[in-house]
Every structure is written in structure tokens, then in C-alpha cells.
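Chain lettering (A, B, C and D) follows the sequence in which the chains are written, and residue indices restart at 1 in each chain.
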């Protein structure tokens, strides 16, 4: 069947991003990306009772639409796995694709969607909704700009994880000090190191909810020092990332100059 | 009428920034920029009842002064459009100027001003005041330093929008987790994903109003992780922009060195 | 009187920082810097009633000690102005020194100190205490590291002031939007643009006191966007400063390499 | 005893990080590092009454396990000091090791552990727990990535301490202004400069607990300016650190290029 094969090849080019020859995403993949964002948005809005109650049928209808779209996409992906040299046209190749991580994520997202449609409403379904949101991560698959950020983070992974370790140390030290100073007076907020940690993380990250704060003069002085340290905690990873991005840029520029020089020499 | 034309030419040089031969803005444009800032300031203060009530006539008189200034400016700009080679001295050229975006913004700002003077006070006028503030954007037209910042942002638009996408993903994930953990106990603040998002955006941006915060131990641990992630959200765009500004600077310096070398060779 | 002149010359070398030949500050100037910090600290603590009431005599005695030290310093500086080639040994030169800005700051700080000692306690003296704190700025005179930071800020003064203008625009836009959306429901916090500005500045700078926050869904969405914009407001000046510091460093390194090359050639 | 000595040599290679020939830490040291982290975690959890009360025997048993591990480690370190050329195999050498700072930290951490096991529960033991957390700093001894961050901070120590001085100045100025403006109306929060400092540090670091904030229009304007200054306070150290990390990276790259050039020349 040459007709069947040519259709499969066309769908493969449209559905499998690396097989698309033009720049960017194919129209079909753009449509799927949009559908994922909208489906996640729907799941988010559905959790709000004031929106959901009374409009159940709208949500169910839209869910059904998305379920059909993603089921069609899933079946399509299984079908075109035959075109993919990584899997091959045999049944075994398709099974191997169906067991690959992206395909399993698709399946779980689909399953949670049908669970919402058929199963009883309840607390257990909340967890399925969470899985559905994971589907949004698929957009990352489409993006190459994300790689640039990922590489910058990867090239400084030791320094960045060291600033996490320093953050952890500061968290332990400041929580312990505040527990010692404020523990007697405010047992609810500072009566143990884990309790003081809640205050400490809010202060070190400069969030500052204001539900817990020291009231003794010494506690306030220590809290002030903790807040100042928090600025350092922001400055360290920012400085590390800034240098990583600068470095990546300069390497790119030098590589370009190198290639221009070589062309001029020949 | 040579006299009439020479006056028009002089006004054109003073009112149309690119036609001004000396450095910076012409005195007339500086005066207009100042008037815009003051008129916006007046509109802001006017919205405060404790200032406005009892002093209506002062606000009305000042508004009239600004209305006359901006009307004169508008008429002047229509008149000098004849000097502008882009529009030409015909009636059609002037009409084309009057329909250009900056002229329409001027007209809307003017209209809102007269609406306040003549029309009835009411909720609908509030929206006109908002349009009036748009007039402040005109100052951007005068500024070239803004371009430098704009170019730095433009050169990293993909990376910056990717950090927005990452921010969105983190927002969805943290809201969903907190909704699952805190939703039962605090239905008002975490009873749905959109409700938890309000807490999440305040935490990820390290604003931390403190109107909503988790109370269970697991919720607090997840909130602490969210707050730490928030530091990353600040660090990413800052690092990207820092490298963009460094890059722009280095390119400028290299261009200067290049031109010095060339001069030395000749 | 050769003896009198040699004493004056020695005091000049010790009191006038540029006349000190060794590295850093002279021991005398270090002592004066310490005294300024302690005097400012004393003025700060004195404002606290729970510390001051009952211990008035300690504060008065310490103030007297500092007053004597700074009076002696002031008289010394007038005397040694004769050694300074900028002013000269005549009476007119000394008068010119006494009317120079640093000498006048010293005099005002001294006067406020004596005012506290002699005059009646009261609200008006509070303002004098503020002037006294200005004396701390003298430490800046001693420091050269401050210059490096000052130059970095100066070299990017246009970009930094542009980010202030952008901050101002965002402040006006977000306040107006929140006033329109939340003004009806929360007249105390959002009932006018200036009132909404208090919320807006706390959100844009990510401080987030939590005394005012939107309660309507649309208001919360706009507030979330404002908070995200606030991250941009932090990222912009940070990126500008980071590039300024990098640039200054690189120029220093290149200058050093240049000088090494020249030495090698000769 | 060649057998005894060979055992000691093997333990030395496993316990003394610089004596380990392969990359990273020896398995034994990794186990000890893990034990320290777990022991600190146990001490943190133990301070929480809702966890400790009723489970005392679990905490005591785990503490005993850690005490045995760290006692064995301590005895081992004393024993292998004989292998260390810095101390030597004599009794005096071992005593010198026992009096070195790391050994004393180990001993204090151990002592606090036994104090918890044997001594009476009470407020005084809280302080011992704090000392136990210091033991976590030992992990720093194992890490070389920390050095990179330390060097970047060290190379900019003058600029970073200058931004601390500027922060201090801004703290004093903003506290004094708010004390003058808000002191009358809110004596509890702004009735003295030290009290206003608590508000000021929370605002300058953008923490913003929201327990204290100005209520007068002038106070709010000054607070807004303080909050804007706080962004500068975050931007300065971040920019300084970013340039320090960039500089360190570029020097590394240049050193690598230099060594490649030299190899090519030979």
C-alpha cells in the first residue's frame, strides 16, 4: 500500500518534531501544544467550585473534546513509530515506542482524563489532575531555547548546588538561633528548630509572610542579619547564572569569529 | 508668504525632535514633557477624594491650563506636518499625520481632558483618566537611552520568554501541590488551583503578602521549596539581562577599537 | 617658631588624609572615624525611651566626651588649614576653610551636639539628631573603595535612571488599573490612584507588607502581573550594574596587560 | 608490628581526605559526612516537642548510634595522627592533633551528644545542640567547589563590604526619617530610631513582614523610596558577584588557551 505509507510519512513529518524540515514547529504540533495548554487551563479552572458547580456539562464536554484530540494524537504517534528509525515498522518497535517515557506520560495524561469523565468524583481524582498538568512539560520537548538555559545551569551545577548547601547551612543556623532566643516567648512559631525554619525560609528568601516574626530585641537583631544574608542568597545564584550566560555568549561569538577567520584564509 | 513658512520651519525644528540640530531636546519639547508629567500627576492626585473635594476649582483650573497647552501643541503639530517630508504640505499629508498613532494618542488624551472638564462626573470618566496616563508614554519618544535597554531585552527575547514559561510551569506545579495539601484545611485560600495560584505568585515573586500561607507541615515544606524556586526565578532573568548588557558593552568597545585600528593603519 | 610649625605639620599629616604618606588612614583619623560611628550609635540609642529614661546622665556624659573630641578635631582642622596649599596660612585662608562644605558639616554636627547638651528636650531636637547622622557620611571621605562603586553607577547613570523611569511608568499603570478594579470594594486601600500606589510600590519592589492586597479575581490577576513585573524591575538595574562592574574589571585587566607588554618591549 | 602499621596506613588513607588518592571522597568519609547530616537532622527534629514526646527512646537510641560512630571516628583520627607528617607518631604529636581546631570541634560535638544522653534535660542543653550543628561545617572541609565561591567573594571583599556600609547608612537614614515622621502616631513601631530600624531592615531587604508600616502620607512616600533603595541594595552585591564570577571564568579560559598555545609551540 504505497498510499498508506505516504500518508504515514506525511503524518510522521508533521507529528515528530525532528522530522519537520522547515523552521519551528509544524502546524499540527502547534495545534497540539495549544490543546495541551488549554487542557491544563481547563483542569485548573475545574478545581474552582464557583466555576465548576452549575457548569459541569461545559467542563465535561470540553474534556471530552480534549480527550478525543489526545487519543487521536496517541494513536497517531503509535502508528508513525514505524517511520521512526529508532523503533522501526514492526509490532515490537511500536511496543517499544509505547513503553518509552514520552508515550507513557501521554498515556497517563489520557487515562486521568478518562478517569475524570467516567469515574466517581472524589479526593483521589485530585491526584490525577496533578498528573494531567505534567503533560504541560511536553511543551519543553518542542523548545530549543530551553536548552540554552539548561546548559547554562548545567555548566554551573556545582556552584549552584553549593549555594543551595550554603542556603541550607544558613537556614539551620538562623533557625537554631531564633529558636534559642524566641522559643520561650513564642512557642507556637519558634518553639522548635523545625518551627523556626518556617520563619527562616520566609526571611532568607525575602518572602516575609509576616505570620511569624521575632519580638525580642535580640531576636530582631538576629532576624535583621538573617534578612541581610538573604540578599546574599539571592546575589550568589544570580551572579553565578549571569556569568554562565555571559560565558556561553562569548564562546558563541568566538566560535563565529573563528569560522569567519578560517573562511577568509581559504 | 515667506514669513509664515519661516515661522513654520522654526516651530518644526523646535517641536519635531529629529529636526532639532543641537544635542538633547529643544526647550519647547522639554516644556511639553514637563507638562505631560505634571498633567499625569494632576490626574493621579485628582482621584484622591480628600484632595479633590473642596478644591475642585483648583483642579479644574489646572486642567484647563494643561488642556490649552496640549491643544496648542496638537494644532501646532498638525500645522508643522507640512514641513515633515514623511507627510508633506498638502491637506492629505496633514490628514495622514492626524491619523498616525502618536497623533491619535494625543487626541485621545486631549479628549479625555475635555471630557473631565465638560461631562458629568462618574465611573465612566475613571477609564478616561487611565487613557490620559498613556500620554506619559510620549516621553519614551524623546528618549534614546531607553533604546539601549530595549535592545538588550530584544536580543534575549527568547531566553526571557522561556523564563516566563518556566515561571508559569512552577506556578502551576506549586499551586496544584498546595491545593492538594492545604485545600481541605483552608478552602478559602487553597480550595482550588486558581485560589492557590494567588498564594503561589506572591511566593514565587518573593512578595509574600501574608494573607494566605500553608499551615500543615507538608504544606510548609512545599512552600519553602516554592520560595527557594522563587530565588531562581529572580536569578534567571537577572542573569540573562546582565549578560545581554555586558555583551552590548563589549561589542561597542570592540567596534571602537576596530575604528581606532583602521585610523592608525591609514 | 619652628617648634609650633613642626607640630602643625605633624598634625596636618595625621589629620588631613591626602597628606598621610603611608597606606590607609592615619591612627588619628581611624580614631575619629570610630568616634563618629560611636556618636551616631549613641544618638540612635538615645532616641529609645526605654534605654534613655533613667540613664540620662550616662548619655549626657558620653555626649560630652564626643563633643570634646569633635570640638578638638574642629579646632585642629582650622589650625592646620594653614598647612594646606589650597587654603594657605593667612586668616582669610582659614576662613575659607571654615566655610568649605566639610567644615560646615562638622560645625552643624557639633552645634546639634551642644544643642542636645544645653537646650531643652523636645521635638525640635529630633531634627538636630538627624543632622548628626549626616556626619557619618564623613567616613565616605576616607574610603577609596566607595569610588569604584560610584564610578560603576556613574558610567551607567542614563540606563539606571531609565529603569527608574520605567519603574515610575509601571507604578502609575498598575496603580491606575488596581484603582479601577478594586477602588469600589476597598476604598481605604484602593479608593484613589495615590492610595493604590502604596500597594503598588510594595508589590513592584517585592516587599509585600500585606496591609493592602486585591480581593477580586481580576484584581488578583493584575496584582500577579505586577509582581512578575517587579522581578523585571529588580533584574534590570542588577543586570546593568553587573555589566558595569564587569566592564570596569576588564578595562583594569587590559590596562595591566598593556603596561606589561610595554615593559617587555623596552 | 608491620600489620598494625599497614592497617593504620589504610585507615589514614580512608579517613584523611588529602591522603585519598582517587577522585572525591573515600567511602568512609562519605559515610561520616552522611552521619553528620543525619545527626544534625536528628537534633533539629528532637527540638520539636510533638515529635520528641512519646518517642524519646527512638531519639535516644539513634543518638547513641551516632555517638558511637563519632566516638569511633574521633579515636580513629587520634590514632592515625601518627601517619600525618604534620603531627608525627609520638604521643606529643597526637596531643598536638587533639588540640587542633578540627579535633576540638569534633570533641565538643561529641561532648554535647553525651550530655544529651546522660545529663538532665533543660534549657542549658539547647545551647549544646547549637554546637552540634556547627559540626555540619565539617562538610565544608570536604568540598572544593565551595572554594570557587569563596575566592569570588574574597576577590571583591572591599566592594562587598562597601555595599554593607552603604546598606548601614541607608538603614540609619531611613529609620531616622521614619522615626521623625511616624514616631508620634505609632510609638510602638516607630517611637525610636532602633524601633524604626526593625521596619527599615525588613523594607530594605524587601522581606516586608507587615507587622510595622507607615500610615501617614509622608511616611508612605519615604517608605516607597526606602523600598526602591532596597532594590539597589540587592542589585549592588549581585552585580559585584556576577562580575567576580565572570572574571574568574575568563581568567580560567585564558590560562587554558595559554597552555594550549605553549604546547603547540613546543
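Quick notes on this structure:
Just so it is clear, a contact is a pair of C-beta atoms (placed from the backbone, for glycine too) under 8 Å apart; a residue touches a chain by one contact, two chains touch by 3 or more.
Computed from a prediction, not measured in an experiment: that's the story for all the values here.
Ranking A-C and A-B by contacting C-beta pairs places A-B first.
On a Cα centroid basis, the chain most remote from chain C in this structure is A.
Comparing contact pairs by residue number, the interface of A-D is reproduced by C-D among B-D, C-D or A-C, since over half of the pairs coincide. Seen as a C-alpha superposition, chain B sits on chain C after a turn of 90°, to the nearest 5. In terms of their C-alpha centroids, the spacing between chain A and chain B amounts to 31 Å.
Mean C-alpha position of chain A lies 43 Å from that of chain C. Multi-chain contact residues of chain D (touching two or more other chains): 194, 197, 202, 206-210, 234, 238-240, 242-243, 246, 250. If you draw each protein chain as a dot and join the dots that touch, every dot ends up joined to every other dot.
Interface residues of chain A, counted against chain C in their complex, comprise 206-210, 238-239, 242, 246.
Taken in their complex, chain C has these residues touching chain D: 40, 43-45, 47-49, 126-127, 129-130, 133, 136-137, 139, 143, 145-146, 148-149, 152, 164, 167, 194, 197-198, 201-202, 205-211, 233-234, 237-246, 248-250, 253. Against chain D, the residues of chain A that register as touching in their complex are 158-159, 161-163, 165-166, 169, 172-173, 175-177, 179-180, 183, 191-195, 197, 202-203, 206-210, 213, 217, 220, 223-224, 227-228, 230-232, 234-236, 238-240, 242-243, 246-247, 250.
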